[in-house]
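Okay, so here's the structure we're looking at.
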Amino acid sequence: MSDVAPLLELRAVTKRFGGLVANKDVSLAIGAGEIVGLIGPNGAGKTTLFNCLTGYLHPDAGRIVFAGADVTHARPERVCGLGIARTWQLVRTFGRMTVLENVVCGALKRHSRVGAARQRAWHLLEFTGLAPKADVLAANLTLADKKRLEIARALATEPRLLLLDEAMSGLTPAEMAAAVELVRRIHAELGLALCVVEHVMEVVMPLSQRVVVLDYGEVIAEGPPAEIARNEQVIKAYLGEHYRGR
Amino acid sequence: MDGSSGRRRARLALAAGVLLGLAYPIPLQWSGYTYFQTVGFLVLINAMLGVGWNVIGGWAGQFDFGPQVFFAIGAYTAAILFVHVGLSPWLGMLAGVLAAMGICALVTYPLTRLRGHYFAISTVAIWMIAQPIGATWEFINGSRGLFIPMQGAQGVLGATASLQFAGRTKALGYYYVAFGLLGLTLWLLRLVERSKLGFYFRAIRDDQEGAEGIGIDSRLYKVIARSITAAVFAAGGVLYGFWALAVFPEQVLDLNWSTLPIMATVVGGIGRLWGPVLGAVILIPISQIMSTTLGTGPLAGRGIDLIVYGVIIVLIAALRPTGILSLPWGRWARRLAGRPASGRLVGHG
Amino acid sequence: MYALGVLVYRQLMRRVQRGDPFTQIFATVGLLFLLQNSAVAVFTSDYRYLSDTLLTRLSGANVNLLGITIGVPLLIGALLALVLFLALYLLIDRTEFGLALRATAEDREAAMLVGIRPQKMFAVAWGLGAALVAVAGAILANFFAVFPQVGFPFTVLAYAIVALGGFGSILGTLLAALLVGVVQSVTTVYLPPAFKDAFVFASYIVIGLLRPQGLFGRF
């Protein structure tokens, strides 16, 4: 355990929707450059947590501190400016703009001049392998490419923490392997912290340095993947016997 | 890639269009029949307004049915300054533009919380509130209107400076001023289109939440977009006011100052810089031709031209909502020339 | 009028429904131009007045309710409107058809899965809407002049009323309409009559900001 303050810290975050408590007293921390997996059954509150983190929702209680700044009630633009970027569970791109233009939109956050933003965008298109499709309209891409575009666009805002919300859903095994490879490269070469929400255990367990498990809005377990895979509570609530660690 | 020949073609088309536009009024000048110049003036002014509306409606994707309010603000500001202080109409235009942008920003910022239909209704609501204000505010003479006295300046330069053309060159003068203003608007907005603003507007149109996620303050940029539209409308209002030499609330707040430009934009190609120009060139002459051919016959004054507009709009909405410019002219031109269609990866519209 | 509404739906709206909202607005605006000016072409823009109907013959007769004097024709018109409101409410809220209509509004595909035909629902909705507006027009014709452009201010007001009351709520619309009527009347006491509608729209903006889904809105 290092003495450096964590990059992202959630303290007792609670979010209610009427009578439903989507997030209950959730506390967790993510250090700079860490890869944390966030798993749990559907409806456990993972996406709600992401929405609270990125300013689309605001917690009813608790605090969120990122890089020393209190972002509990910040709007999404400010959260992005401070360094958190995300991808979406249902992929979102700017459909009527080209692949290049999509990433330029992201790059404009840090480079106000379109020329500089375009250069940065090209760089990212090459990094993510989308360069050959630079002039294709985003709406015409395959799902796997749309997801890659989302990531490229998010990276263009030069985040320190990237949130990936079920990035593997809907991908073929080959596409999944390519995506995992990209995530590894992002972590290794760009040094970002990553928080990965995933249902595909074969992906999230090998990738994560630490795993947090949510169930019914509460954190029920936290620790290295191997430990989580042997945790009885987690197995019962979510993993099932097949994924029990050996 | 097809780019260079496409660009060359575009530049040729632009040059041809400019020459045509410049030369258009001249043949008729000597005949003393200035009606066609006036029609040209109306085409140009509506094209300009359409180009301006495209910023909030086409690029930012927010349906705005109330920009005529800023048209009126421009007209009144310049008229008042001219009448009471003797300020040159060009400076008055600047003042009008600034006033419109300021009021627009103030009024629109709270409205940016509304989305889609609700935002559209709220723009209409602002217009409905502006109407009685215009009709009863004593400072601007209410519904009695504001008259702009003729200054009788000498020569072409003098007339241009005071934006008051008279006599045989009246329609001609205003035509060229409108032409110049349209050109200026197109040039400035082209710069906007390629700037950060252009990208951000379209991002908000395509996916507002996604845009916010990459750091775009959607409320701020919606206000900026609408303010740009307001600026263009205000300039148009000033031009119109000095052409009409009078500013009446029912006239400058008339809904037609938004419906015509919007129609021109949609018909020509919403979201495309030149769309409104094409649309205006098509629509307005139709209306004028109908009025002249029907003349004083039994069908006169029966709104036949508007029926035709209605038919055109309905057809465009049903068949090709992205407008005429979005038709694959390039492909058709190539097919006509006998060359194969380009292998470039292109999406729809 | 019902048939006309259905016709409009089938020929035009069905095609633009899947497009973006702006095209829909545009299509209906185009239709407005078409219809309004067809009326101008056929009937000219002259103002006309109804003169020998049941309601106009009753004009001048007054009724005294709780100390307030109400003109009989207005009262009859209002009661008629209320009856139609009730009928519509019962239709939407209490019948199986109304249920199907609401289901289609919530989730078109799910409705298809349970055997509802969305096209038929939309067609009927358009037809009903047209029919109701026609009845309203017929009633109002007894009190206002008739000319092709007469419908426009009512339309804009109607839009604000529905938005105020909440899209999808019949009760909300009724309450909003009553509220608007009161606001209009009260406004004329304190402000010049030209501001009658302006105040309604100002209220719309205020409410729109505080509670975007209207008083009882479901969407």
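Remarks
Just so it is clear, A, B and C label the chains in written order, and each chain counts residues from 1 on its own.
The rule we apply is simple: contacts are C-beta pairs under 8 Å (C-beta built on N, C-alpha and C of every residue); 3 or more make two chains touch, one makes a residue touch a chain.
Predicted model only: the values in this text are computed from it and were never measured.
Within the contact network of the assembly, the step distance from subunit A to subunit C comes to 2. Just count the C-beta contacts per chain pair and the biggest one is B-C.
For subunit B, the chain with the farthest CA centroid is A. Remark: the per-chain Cα centre closest to the mean position of all protein Cα atoms belongs to B. Once the centre of each chain is set as its mean CA position, subunit A and subunit C turn out to be 47 Å apart.
Centres computed as Cα averages put subunit B at a distance of 32 Å from subunit C. One simple way to say how far apart two chains are is to compare their mean CA positions; for subunit A and subunit B this gives 44 Å. Looking at subunit B, one finds that none of its residues touch two or more other chains. The touching residues of subunit B, when paired with subunit A in their complex, are 194-196, 199-200, 202-203, 205-207, 209-218, 344-349. Across the complex, subunit A meets subunit B through its residues 54-56, 75-77, 80-81, 85-86, 88, 92-97, 101, 104-106, 108-109, 112-114, 117, 133, 135-137, 139-140, 153-154, 156-157. Residue ranges of subunit B in contact with subunit C, taken from their complex: 57, 61, 63, 110-111, 113-114, 116-118, 120-122, 124-126, 128-129, 131-133, 135-136, 259, 262, 266, 270, 299, 301-304, 306-307, 309-314, 316-318, 321.
On the subunit C side of its complex with subunit B, the touching residues are 12, 15-16, 19-27, 29-38, 40-41, 44-45, 148, 156, 159-160, 163, 192, 194-195, 197-198, 201-202, 204-205, 208-209, 212.
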